[in-house]
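Starting off with a structure, shown below.
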Amino acid sequence: MASDKVMAMRDAVARFVHDGDTVVIEGFTHLICFAAGHEIIRQGRRDLTLARLTPDLIYDQMIAAGCARKLVFSWAGNPGVGSLHAFRRAIEGRRAEAALEIEEYSHFGMVARFAAGAARLPFWPLRNYMGTDLPRANPRIKTVTCPYTGEALATVPALNPSVTIVHAQRADAAGNTQMWGLVGVQKEAAFASQRVIVVVEELVPEEVIRSDPNRTVIPSMIVSAVVVEPWGAHPSYAQGYYDRDNDFYVAWENVSRDPDHLKRYLDDFVYGVPDRAAYLAKQPQVTRLKAKERWCAGVNYGY
Amino acid sequence: MASDKVMAMRDAVARFVHDGDTVVIEGFTHLICFAAGHEIIRQGRRDLTLARLTPDLIYDQMIAAGCARKLVFSWAGNPGVGSLHAFRRAIEGRRAEAALEIEEYSHFGMVARFAAGAARLPFWPLRNYMGTDLPRANPRIKTVTCPYTGEALATVPALNPSVTIVHAQRADAAGNTQMWGLVGVQKEAAFASQRVIVVVEELVPEEVIRSDPNRTVIPSMIVSAVVVEPWGAHPSYAQGYYDRDNDFYVAWENVSRDPDHLKRYLDDFVYGVPDRAAYLAKQPQVTRLKAKERWCAGVNYGY
Amino acid sequence: MAAVAARELRDGEVVFVGIGLPNLACNLARGTHAPRLALIYESGAVGAVPERLPVSIGDPALVTGSLMVCGMADVFQLFLQNGRIEVGFLGGAQVDRYGNINTTVIGPYDRPTVRLPGSGGAAEIAVHARRTLIVAQLNPRAFPERVNFVTSPGHRYAGRTRRELGMPGAGPVKVITDKAVLEGDEVSGEMVLAGLYPGVTVDEVQAGVGWPLARRERLEAVAPPTATELRVLRNVLDPKGLFLKKQSDGKTE
Amino acid sequence: MAAVAARELRDGEVVFVGIGLPNLACNLARGTHAPRLALIYESGAVGAVPERLPVSIGDPALVTGSLMVCGMADVFQLFLQNGRIEVGFLGGAQVDRYGNINTTVIGPYDRPTVRLPGSGGAAEIAVHARRTLIVAQLNPRAFPERVNFVTSPGHRYAGRTRRELGMPGAGPVKVITDKAVLEGDEVSGEMVLAGLYPGVTVDEVQAGVGWPLARRERLEAVAPPTATELRVLRNVLDPKGLFLKKQSDGKTE
C-alpha cells in the first residue's frame, strides 16, 4: 500500500505541484533538488511563489523560465561565485511590467518562518532586526512584547508552503527519509508543508531505516510522494554520493548573465530532455564527482 | 588542554553544583544520571531547585535526602509502577514546615521552557492550556497576542538552569557528546544551562565523534566537565549498553512508601558507598541487563 | 476494555500512545484490523515495533527497530501541535460530566489530599489530538460531576465550548469503561451513555457516575472480545499476563 | 588582509566563519597562534577541518570529519542567539561611518540600481556575535558616509546606540581593509583610523573613505605578513592560489 507513493518525477510534479502554489525546494548548498526544478519548468508551471533561504541556480532557472510570480528568500546569489542574473534582471531598475515580487528576510528570519510553520504557530519570536532596514523593506517583520520581561522581540509570520520538495540520501517506499551532512531547514520546511515530495538517491528496504531510527528526519506520515532520482541534486551535491560540480556553478555566471545563453541552456538541458536520465546522459563529467568512502562508526541499538 | 575537563564525579559535583543552584538531571526514562544524583546527595547539597519533566526515582531520593527546596516538573510518578512517595509526603496535606515548593507545567510546557532557555529568548509560545486549571495553579503560564492573527497563545518563561547533567553513551575528552535512542530534551536543557556536566558510558577518541558528526548532540564549547561513569544511569538504561532495571523501579514503590525503609536505602546505597564503583559492586544483578547487539546500518560521509 | 478501545482505531491512523491499556489496545488493533496504524509515543519513538510488552513509555524496546526517534520538542511541536495526531488516548483518576480529566490532585491544589502525577503530555494531547479516547474503570469516585482540577480539557470549561476556547481537536469522543461506553454529545458537550457491555444494566452504569446520565436513543450492545482478539491479546501481546492479569479482577478485558 | 584579520582571533574562541577571506583568516589563525579556535559555519558544520579550501560555505569538506553538524534552526537559536559566538566576520558592498553594512541594494530598495544578495546570516551575526570584524577593500564607493540600506547594524541607527536598541553584541570592533585598520570608537560610535599598513599615508586612507575620518591618538603600524603566515597561507591553506590570486592585484595579502 505504502509503495503507492513511489512514482516518477513527472507524475509527482503533475500531481502535487500546481499553478499558483507556494513551492519550496530546500537544501543549504547540499541536496538541492535540481531534478524537481527542471521538471516543474518542463511542465510549464506558472504563478508560483518560490520560497527558499538561498534561491541558488535552480530558482534562477525557474525565474528565467517564467514559473515564478514571487520570490521569498534571504540570500540570492551564486554561492562562492557571484550573482543570479535572471533574478537580478527581474528586479533591478524594476519596471511595472517586469514585476517579480519579492519578500525578503535574513537566514534566521526564514528559518524562524519555517519553524513556526512546522509547529503550526502563527509567528515565531527572535531577537533580531533592531538597527536594520529590513523591517522597513518588509512590513511582515513585526514585534511582540514579552509577557515576562516587557522586552520587544522581532517576529516573523509562519511559512506554510503548498508543497516542499526535499532531496535526501535514502528513504523507504513509505517515505521514511534519512539525511546526513548539512540538513539545513528541510525538516521544518517539510513539516510546515501541506504536501511533501521526497526525492532520494537510493530507495532502501524499511529495515535499513529501522536499523538507525535517530537518523530519520522526515516520517512517512507527512510524505505524499517518493521519487528515486540518483544524481538528482546535481550540480549541487549529496554527501556520501557525489561532490558539488563547482565548474557548473562557476560557468553559470556567464550563462545567466546573457538571456540568450540562458535560454539555450534551458533548451538544451531542461526542455530538450524528457527526464533526469537524459539530462545525466549529457553530463559525462559527473563520474569524476563520485564520492570517496568515509564511513561512520556504528552505534548499537540493542537493549 | 581539553582533557582538563575529564574528571571524577566527585570533583565535577564539587566544582559545578552549588547550594541554591537550579539543577537539571534530564533524560526521559532513558539515560537518567543516578550516579550524579547520588553524588549530590553524598556531598550534602541544600536548597536546590530541581527541574525535570519527570522527577523519577532519582529526584524522589534527592527530596528524601533533603537536597531540594523546590521542584519544577510536569509528571511526578514512578513510570509504569506508581508513586514517588517522598515527593508525595512533602506535598500532601502540606503543612507550613513541610514546604517543598512546586512549580508545575505539562510536558509540552517544560519542553518549551527549555527551548526558550536554549534559544536565550525570555519566553516560548505554544497553543495550549485553554480549558485547563494549570494557569490558575501556576501564574507563570501567561499569554501573548499574535501580531499577525490577533490570536492569544499560551506562553511559558525560559528555564536557564545553573547546571545541567546529561548522561550519554559517548563523548570525547573535550566533551563533544553523542547520544542515540530517546534523546528527550537534553540538547535544549544543556544549551539553556550556565554549566553542563556530561557523564558517559564510554570516553572515545575524537576520531569516533568526527566519523559521524550528525550524531553529536552537545558540542564541547558548552561543556564544563566530562565524567566517565559506566552504568551511571542504572536503574534507568542506556540504549546499546544496558536495559532498564525494572525490578528496581517496581521495588521502589515499597521502599519509598516507608520513610525508614527509604532512609535505609540511602544509607546502604548512597551514603554507605564512596562512589559509583562501590554502588555497582552491590548490584550483582546488573550483569543480566547488558544489551544485546543491534548495530545500525552505516552511512558514508565522503565526497 | 482493550478490545473495545482497539475497535475505535481505524487502519492508517496516527495514534499517540500511552502505556498500559492504550498500548495494548493499539497493538491489538495492529494485530487485527489496523495493520498500518502508526504509533507515536511521547518519548519520541515513531512507528515502534516492540518485541516485548513495554514496561514504560520510554522502554528501549520502543526504540530498537522503530522508524524514527526524535526529540521531545519535535514530538510536541512538529507532531502534536502540528495537528498530525488523529487519536490520543487518555486515562485519569477522575473524568467528569463534560469529559474533563483530572490527573493532578484530589482535594485543593495547594493542600492536596492525594497528589497525582500531573499532566505529563495529557493536557496538550486533549487540546490537539483530532479526537481523544478516554479509558477508565467505572465507579463514582472516578466519575464525579465535576473534577477537582481540570488537567486535560473536555467539552466545556466554565461554560465555554472547545471552539470558543480555540482548541483544535474534537475532544473526548468516547469514554471506554469496563461496563459501558459513553460518548460526547455534540450539542450539550455532556458525556452520555452510548453502549452497554453484555449483561450490564443502565442502572448499574448510573450508579457508577456522579451526575444524571443522559443516554443515546439507541444503545449499542458492546460485543465481547472475539476469539481472534483474545488470542492476539493472550498469546501474542501479553503472553505472561503482565497487564491483563492486573485488569482481570472479574471485568471484561 | 588575511594575516591581519587572523591576528584578531584569540586561541580557544568560537568564530562564525564566512567563506573566502574570513575562512582563510580563521584557518591561518588555527595554523599559527590559535590551534584551538572553534569554527562554526552558518551551514551547520561545527569544528570543521576541511581537507581542501572550501569553495562555498556549504562545501562537503566542511562536513567530513567535523565535530558536529546541526540544523540551521540550531545554528541561529542555540549557537548565535544563545550568545555562544565570540567573533563574527562580515564583509559588505558598503560600510559606513558607524560600521553599518549594506549587502542588500545599491539605490532605492524598490527600484535598485544593483541588487546585492541580501543579508543571509549577516544581520543576526551583527546583532549577536560578541564582537564582529569587517573585512573590505578600501575605496570611496565601499565606504560612503551613509549606506543605502542597513543590512547589518553597526554602532548607531537613527542616532540610537546598540545598547539603546537592545543588541547583545559589541558590534564591529574593527574594519580590516587592504590599507588600514579602523576601529569602532567607544564614545562616538564612529569608525576611526587605528592603524596603517606599511607605506600607506593617512591621506591615502582618507581618500578611500566618504566621511571626515577621525583617528586614534597613536596609530598602530600594521605589521606585514610574517614568513610563517605566508608559508601557511601559500603552502598549506591555498597551494593552488585559488583565493590569494584573486586578491593579489597589488595589495597586501
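Chains here go by letter, A, B, C and D, matching the order in which they are written, and residues are numbered from 1 within each.
In this text, a residue touches a chain if its C-beta (ideal position, glycine included) is under 8 Å from a C-beta of that chain, and two chains touch if they have at least 3 such contacts.
Worth saying up front: this structure is predicted, and the values here are computed from it rather than measured.
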Task: Touching both subunit B and subunit D: give me those chains, sorted by label.
output: A
Field: Distance from the mean Cα position of subunit B to that of subunit A, given in whole angstrom
entry: 37
Query: Taking each chain's centre as the mean position of its Cα atoms, how many Å separate subunit A from subunit D?
result: 28
- prompt: Could you state the distance in Å from the CA-based centre of subunit C to that of subunit D?
  reply: 57
Where subunit B touches two or more other chains, by residue: 120-121, 126-127, 151, 180-181, 183, 187-188, 211, 214, 237, 239, 243, 294, 301-303
- prompt: What positions in subunit D touch 2 or more of the other chains?
  reply: 45, 60, 63-65, 69-70, 77, 81
Query: All pairs of touching chains?
result: A-B, A-C, A-D, B-C, B-D
- line: In their shared complex, subunit D is touched by residues of subunit B numbered 1-2, 118-121, 176, 187-188, 191, 206, 209-211, 213-214, 216, 219-222, 301-303
Message: Quick check on the complex: what are the subunit A residues that touch subunit B?
response: 120-123, 125-127, 140, 142-149, 151, 153, 155, 157, 169, 178, 180-181, 183, 208, 211-212, 214-215, 237, 239-243, 291-303
Query: Across the complex, what residues on subunit B touch subunit C?
result: 28-30, 53-54, 73-77, 79-80, 83, 87-88, 91-94, 104-108, 111-112, 114-115, 126-134, 136-137, 151-152, 180-185, 187-188, 237, 239, 243-244, 246, 249, 294
Task: Enumerate the contact residues on subunit D facing subunit B in the complex.
output: 14, 36, 38, 45-47, 49, 60-61, 63-70, 74, 77-78, 81-84
Field: Residues of subunit C touching subunit B in the complex
entry: 19-20, 42-45, 55-60, 63-65, 69-73, 76-77, 80-81, 100, 104, 109-115, 117-124, 127-128, 149-154, 157, 160, 162, 165-168
